[in-house]
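Take a look at the structures listed below.
Note that chain A is present in both complexes that follow, paired respectively with chain B and with chain C.
And then the complex of A and B:
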């Protein structure tokens, strides 16, 4: 169960990454940094508002928007000028962005450990089948599927979602039917980063917020996206479940080597299906 | 003058493909561009659409210089593009392919999804099917329909009959005639001489990236020498 709620966080973060990867065709290495900014912003906002229920909910709402704003500025000021260039440029840019954002977080929030509390409403635990289960984890189990449904609705039911699916395959032709692809990319990029921020805000009451959390998540997100199928949202869900569940099974059965389990699962999954479990859009 | 190319030179990377190509298309005409494989027909259309912008020379659309503009701007100005390889969005359904290309314009007869379904009934039958699952001929129809719902004034049509059965070719000929009657201007790139000559009044023949002949269709039909010279 803990693994399942961990999987929800992983899903939210990696689905955002997968979205950007699928449409813009670039692995956003700075995705983890945006997740970290999401967590730090959630900390600042909720502390500013004196914790409590209101503080938490506002933080949960505003922190992803802060991240979206940061990504929007970055995209319009710098990133969008690179679409015409080689792909390697985009990749290098996201790498540089990761370093820059990491330093900015250090400047802004310092290197200390931070933590915030879940709101009173979600503190404590309830018993399910005789074992205690933290309320906050249940909350995550609700949010995860909601995000999945929201993303599905976005890509399949909205016009911009359909355009982004078309642009993922043939951006030139999307231009030739009169659509300014640059804005479609901007929107997708910002949405993907928003999800990173949301993941960061959601995870903040469950871990200590610190520098370096960007690197952990980016590794995991990359692996999840790779085993799930590049650019495939359901793949991100499957990958996250595999990753989260093996992680918690590891903790349960062989705690010293718990960290090895998900990676072993990744190796097995990739040997079995090198191109990802579900269809990759690449 | 609807469309005018003035001495354009187009390159792919370092290779020089089009040399000094000039042509004009008047409002309401179907003008065709004939040439053998690799002659530069597709490249000419891509140059107009801004997909392979010319390095030198000018392109005018309704008197306005449009060379160097992005494809999406050209589409918004009223140029529709039907690529030879169709480039249907394979993951989207037929309906969605049309939906995202829909573009309303003021003060003109409007193409919309029901109307293109009337033009190509088989598209309606498959409207919920993924574009990638259509047959080649159906994809051609969809590519034309997708350009039409953008309500262009000038349509760039690249080899609509490539790989089609004779019965299908006749269907496409009828449809393109209908388009002409509705007032659409068409620049048609083709290899199929018979098909083109039955549709249009004026033709340019391109070979090796150069316009080697131009004239009325009747002239080209009669003059065997020109046709052999240009390899069609």
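And then the complex of A and C:
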């Protein structure tokens, strides 16, 4: 069960990455940094508002918006000038972004460990099948599928979602029928980063917020997207479940090598289906 | 012809002579930095062979560096074998690892290639990071008993300089060989190369094996200088940093990565004295490079030279 709620966080973060990867064709290495910024802003906002219910919910709402704003500025100021370039350059650009954002977080928030409490409403635990289970994890289990459904509705039922899916398949054609591809890219990028921020805000009550959390999450998200199928949202869900569950199984059976289990699962999955378990959008 | 050769070899020879006399002039610390530069340069050149000349997305080159270093470290600390066995085994183990990982990777193209390499590399990193019994886990292994012939800053510097020069010679021969030319042709147009009967996958795999071998050599030299190993050698951030060095020096040039490595290592050393925000500086440099100098310093210079000489120096 802990694995499941961990998988939900991973899903929210990696679905954002998958979205960006699917449309822009760039693995956004700075995604983890945006996730970290999400967590740190959630901390600042909820401390500013004095904790409690209101503080937490507002933080959950505002922190992803802060992240989206940061990503919007970066995209319009710098990133959008590079779309014509080689993939490797785009990738290295996002790496540069990761380096810069990581240090900016250190400048703003310092290198201390931070933590915030879950709101009073979600504190404590309830018993399921005789074993105690934190309420907050249940909340994560509810919000994960909600995000999945929301994303699905968005990409399949709204016009801009359909445009972004079309841009993922054939960017030139979308441009040819008179849609401003650059803005579609900007929108997708910001939405993907919003999801990273949301993941960061959601995870903040369960872990200690610290520098370096970007490094941990980014590799996981990267691999989840790879095993799920690049750009496939459901693939991100499947990948997150595999990753989260193998991780908690590892902790259960062989704690020393718990970290190895998900990586081994990834290797097996990729050996079996090198292009991801589900179909990639490319 | 002779004059041209002399002109081309002249600066290289001058640098080599300069590098040979440096330890007797400058303080020990700078000798140490120079040694680190040489190691990093070798690593960057080996990466450039696959990324710059081979056009492969070798995202996790640092793993092979780490494998080379760890092989030596383990052989020296855990086995009674004579020391040179470890030093020979390091590069070969790295090359073997490169072959195994390469087998998986070359089946795929571009981004998938990079993805599977990152996942396999991370698996090795995770194993190293956690296997306290064998690798010392996140502490690494310290105080590796490097034989007397190689210890001491000045002596290890000369050893590294010699090994580096030999590797440089071989890398240059490979670069100039039919194999190197074929590799660059595959980078520029894989379909056409396949059509004229070149086994693209085999060439790419071979390139990876060679490159990982030299990364292993760099790893061995790292142990000679630092006498310790730690899992950060295999972390993906290092792999991307080497990539930046190649970018800074110039992807498509032979000697670019040396320059890139020299600049990066010295920048990191001297910026580290003044500020703790080194990665911020690195990020800004990288963005400036991507926007204004995507061919790197050497690439930019060689384009300039070609423009100046017009069509005279068509190679």
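Operating definition for what follows: the second predicted complex is superposed on the first by the 282 of 282 C-alpha atoms of A that agree within 3 Å, B and C clash if a C-alpha of one lies under 4 Å from a C-alpha of the other, contacts with A are read in each partner's own complex, and residues count from 1 in each chain.
We take it that a contact is a pair of C-beta atoms (placed from the backbone, for glycine too) under 8 Å apart; a residue touches a chain by one contact, two chains touch by 3 or more.
Predicted, not measured: the structure shown is a model, and the values here were computed from it.
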Which superposed partner A:89 touches (first chain B, second chain C, both, neither): second
Partner chain(s) touched by A:27 [first = chain B, second = chain C, both, neither]: second
Which superposed partner A:275 touches (first chain B, second chain C, both, neither): second
Contacts of A:100 with chain B and chain C, given as first, second, both or neither: second
Touching partner for A:226 - first (chain B), second (chain C), both, neither: second
Touched chain A residues, chain B compared with chain C: C
First, second, both or neither for A:177, with chain B first and chain C second: first
Chain B versus chain C as contact partner of A:267, first or second or both or neither: second
Chain B versus chain C as contact partner of A:81, first or second or both or neither: second
First, second, both or neither for A:129, with chain B first and chain C second: neither
Contact residues common to both interfaces of chain A (with chain B and with chain C): none
Interfacial residue positions of chain A with respect to chain C in the complex: 25, 27, 29, 78, 81-82, 85, 87-89, 92-93, 95-100, 102-104, 106-107, 215, 219, 222-223, 226-227, 230, 256-257, 259-260, 263-264, 266-267, 270-271, 274-275
Partner chain B, residues of chain A touching it in the complex: 159, 162-163, 165-166, 168-170, 172-181, 281
Touch list for chain C against partner chain A, complex: 51, 57, 104, 107-108, 110-112, 115-116, 118-120, 122-123, 126-127, 129-132, 235-237, 240, 243-244, 247, 276-277, 279-280, 282-284, 286-287, 290-291, 294
Of chain B, residues touching chain A in the complex: 49, 51, 70-72, 75-76, 81, 83, 87, 89-92, 96-97, 99-101, 103, 146-147, 150
